[in-house]
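Labels A, B, C, D and E are assigned to the chains in the order they are written; within every chain, residues are numbered from 1.
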């Protein structure tokens, strides 16, 4: 890397990081939180004995996973105005990403719930709990442990996918890099820098995952 | 390595350092109507810039091959030596002149401020101050809008900018007059109007810094094409006017 | 079901906070539970074919029989974990359920509240400490004040020799200790009926004794229980009545000394032989 | 949808499908096949007791998962010529996507191998097999069953991610839609159509997954 | 190790294709295996503290002892699944391993080839049929022609009453059947030494008999074996020598009738009591 390249790298570093801190991270965190709520609902619907409910959940999951996220963003931001719903970029982005996470995480949560031994449900019932209480007090805490690694993967994918939010006018890490690249015409260098910064974010997130796992593992033998 | 001439060939382009011997490799978006796009969407690659490039290649006695990709990748491809030239309405500005060589311009057209019909609050570039415009990041127009003091929302292209304008989510968009004209020709009821225009901007073919010989040859070819009326003819075909000067 | 009868039972229970290990009622000859003509199929597989059962207060009924004979399904039906296709189940003090008609959810819940199950695989809640496992039912379901639930739980744990394990997680206990916690968790609910499904068959042989000892003490103190077990020596000592099941029916029933020494049925004899003299 | 919209939809349908059949599907299939081979190697390296090997595998996985696929493509196609390696678009795309799949699938395969009970290794050893034979004959066939659902997810993501290949001059489903959208300026309609076609592809793939699972499940009780 | 001795053993084995269930050698008093001072720690946990063991051809040695005493670790060391930290292991005909020095991979492989293990959880290969499970070792490892391996496997399956199950997958067998296939899989390797690790403790009680019966027949036919079991009645009938282990040492060893009726050590007595009379 020559001197001017190095200078560009240094000059761009904090702006790109700031794009991550002010755009990528809040967008990813809020969409993920909301997405988990949706996912839990969808997973429960999918597990329900009610055919309509579980069919609807299957359909939802299939559409979310079978279509490109970009189109999902476009539909919410550019398509909804056709039916009179005009949302700002941030709400649009959060809705689109939450719905997307909802579809992917639903299958993870469903698998995690199914992975809790049936005996745990029965132990809940035999001490007099109903289904809802057993789910909340007995099953979900155990499912949480199982689902942390795959959910972390979903989250890490989400962090990178939020770069698509720039398509609907949200400024985040990748958009900042594109701006810098467009003005400096140094696409390769700036994108590599962006990749490095994504990677740093992911390393931090992974270590967070490690801590969470250790916390949830306190009650199992290692 | 990439310039190894093929022995049987008339050695056309020997000194140009072409990516592929005997062939002019042209990078273009392929999704930028009316300059570089596919006929009927999925047909042949056509457009003003495409035909100019084809004419230049023919003049130089070279085969032509297009590489279609997004704007970000176009310049990367040029720098990686994968393409010899960009034909995609690259406007000449000082930052780019520092990094690339340019041919003589083959498009001269003003940039225009487009607003929704009936919006009287904007009538000049200066009125953009404090307003919101939608621009694609990679264009010169982005800079124009920023310079005018507008809040710029970056979009992927003209279609999205128009959608935002029509949905009332931005106040204006700045673009090439030619793009605007092409759009209203297809969509007469779009409800858009031009309220201001700049001095004309020049667009040219862009080359890597070390391709002086190629640029020189291309300039000569453009001169010939200009002189024999080919440029004007292509302009007539796409815009009903010669836009090369 | 008459709520006042039911409250009667609970009132008895409430009166013994000082000795939580004591059963809800003193042994007498009153019938606590009557099951008649219980049938249950899973798909085409007819697992229970008309089971009749009567359990008196303070009595210990032991179910034996080969694998797949339906023992677990009987217990689960009594605890409301499984809904029979036909037959009637009635507890003294209610509920009174007839499975030929659709049984209401309340009915099933009411039935479940009368009994508590101890599982073969203990099924302790791995994410809760021993104490939390034990008080979960009383506090969350029965709305017992936490302080009282803790006090009772501690007394129960003390009684089975696990007082000092109250803050451990289940994984750090031995199999026998886990199973004893499972029993305490059931006892803490103060059920009228305790159900044990092979409580020692997942244990190392030298841990079996400590668990059977606790169950035997409970029996001696007058708890009413239905026990599925393969520990025939234990059954002989503790059971008031032994039922031998095979293929979804009760093949033979009677006092343990009769069943074990002079079984009337060939099937019973063969089963006992296989277990008592496996390698002759 | 008005008549001209409908016409556009019909006119575009086969071109987009063709983009999928000639671009997306072969790209996804070949990258996935190659990616699995890489993933198996990386998973074994990650599981190895050799610290250097397992450290290298961890690093590889971390980089692949922590950086945007777009940048990975960029580096291979536009970056490698700087060190004298010039590859055509298709080979570049296949290499980039295989390496990417290799990183994601490695973790899946590792987990699947770990999910096979330890006793299966020991049963292999006790009948005299070495580690490699046990892995091949005993462990991998069982791991395959466990890894089909998560690998299918990876594959479905890959199918959609191949849209990035247009950056490096490969024409596939999404590129065709972009071309049509640019011409017709009807990006919403065309992108929705592309999404529908992606979804159809995914439905077909999912049913393939179902068949594969049933085949692999023949030896377990259901 | 002397290869010629070794081939000698194999030749014996090859000569009995007509009766694959017969052991490799006839019972005699020659020592097959000698272990001296075997030690093994897992981290800080010293699991085996100098174990000595001698197994003669045709002899049945039974290991008993509480959970965690190291019984499984002894078997696994004999089968080369675990590498001891110290001590020596030698088989008649080789190999001769001293674990105080680094043992070569070939040495461990050679040792493993002399014995075969039957596991508590059977560990059948779920993705292979019964027959495939049995011939996998002979065909893939010992390079026996497939046709011959199949013929021998069928004879063995016939012998344990599972001929008609040859094309079933393990999941569709009962626990006892699975365990018998596990035994056949070990026999098909024609090892000099059979190792059984609690082969019946994961079984339903009424399935225990069918497995013990097969093992007893093998013993009667002169197979050399080391068996870990809690079935004391079985041990008494079958064992030539019983070793009681506790805390990683052999506390007491001797003939079964001595150990079971008049144990010399208090620890042995207490252990036997807990198992034989769990609820007194």
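The rule is short, and it goes like this: a residue touches a chain if its C-beta (ideal position, glycine included) is under 8 Å from a C-beta of that chain, and two chains touch if they have at least 3 such contacts.
What you are looking at is a predicted structure, and each value in this text was computed from that prediction instead of being measured.
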{"item": "Chains touching both subunit A and subunit C, listed by label", "value": "none"}
{"item": "Steps needed, at fewest, to go from subunit D to subunit E via touching chains", "value": "1"}
{"item": "Shortest contact path, subunit B to subunit D, counted in steps", "value": "1"}
{"item": "Distance-maximising chain from subunit E - centres being C-alpha averages", "value": "B"}
{"item": "Farthest chain (mean CA position) relative to subunit D", "value": "C"}
{"item": "Whole-Å gap between the CA centroids of subunit C and subunit D", "value": "52"}
{"item": "Subunit A and subunit D, separation of their C-alpha mean positions in angstrom", "value": "20"}
{"item": "Separation of subunit C from subunit E, taking each centre as the mean of its C-alpha atoms, in whole Å", "value": "39"}
{"item": "Where subunit A and subunit B are represented by their mean Cα positions, the distance between them in whole Å", "value": "38"}
{"item": "Subunit D, residues touching no fewer than two other chains", "value": "74, 78-79, 187-188"}
{"item": "Residues of subunit B touching at least two other chains", "value": "72-73, 76, 79, 160, 163"}
{"item": "All pairs of touching chains, each written as two labels joined by a dash", "value": "A-B, A-C, A-D, B-D, C-E, D-E"}
{"item": "Of all residues in subunit A, those that touch subunit C in their complex", "value": "117, 119-120, 122-123, 125-130, 133, 137-138, 141-142, 145, 218-221"}
{"item": "Residues of subunit B defined as touching subunit A within the complex", "value": "71-73, 75-76, 79, 95-96, 99-100, 137-138, 142, 153-156, 160, 163, 167-169"}
{"item": "Residue ranges of subunit A touching subunit B (in the complex, touch as defined)", "value": "78, 81, 86, 89, 166-167, 169, 171, 175, 178-179, 181-185, 187-188, 191"}
{"item": "Subunit E - residues contacting subunit C, complex", "value": "66-67, 174, 201, 204-209, 212-213, 216, 230-231, 233-234, 237, 271, 274-275, 277-279"}
{"item": "Contacting residues of subunit B [partner subunit D, same complex]", "value": "2, 30-33, 37-42, 67-70, 72-73, 76-77, 79-82, 157-160, 162-163, 183, 186-187"}
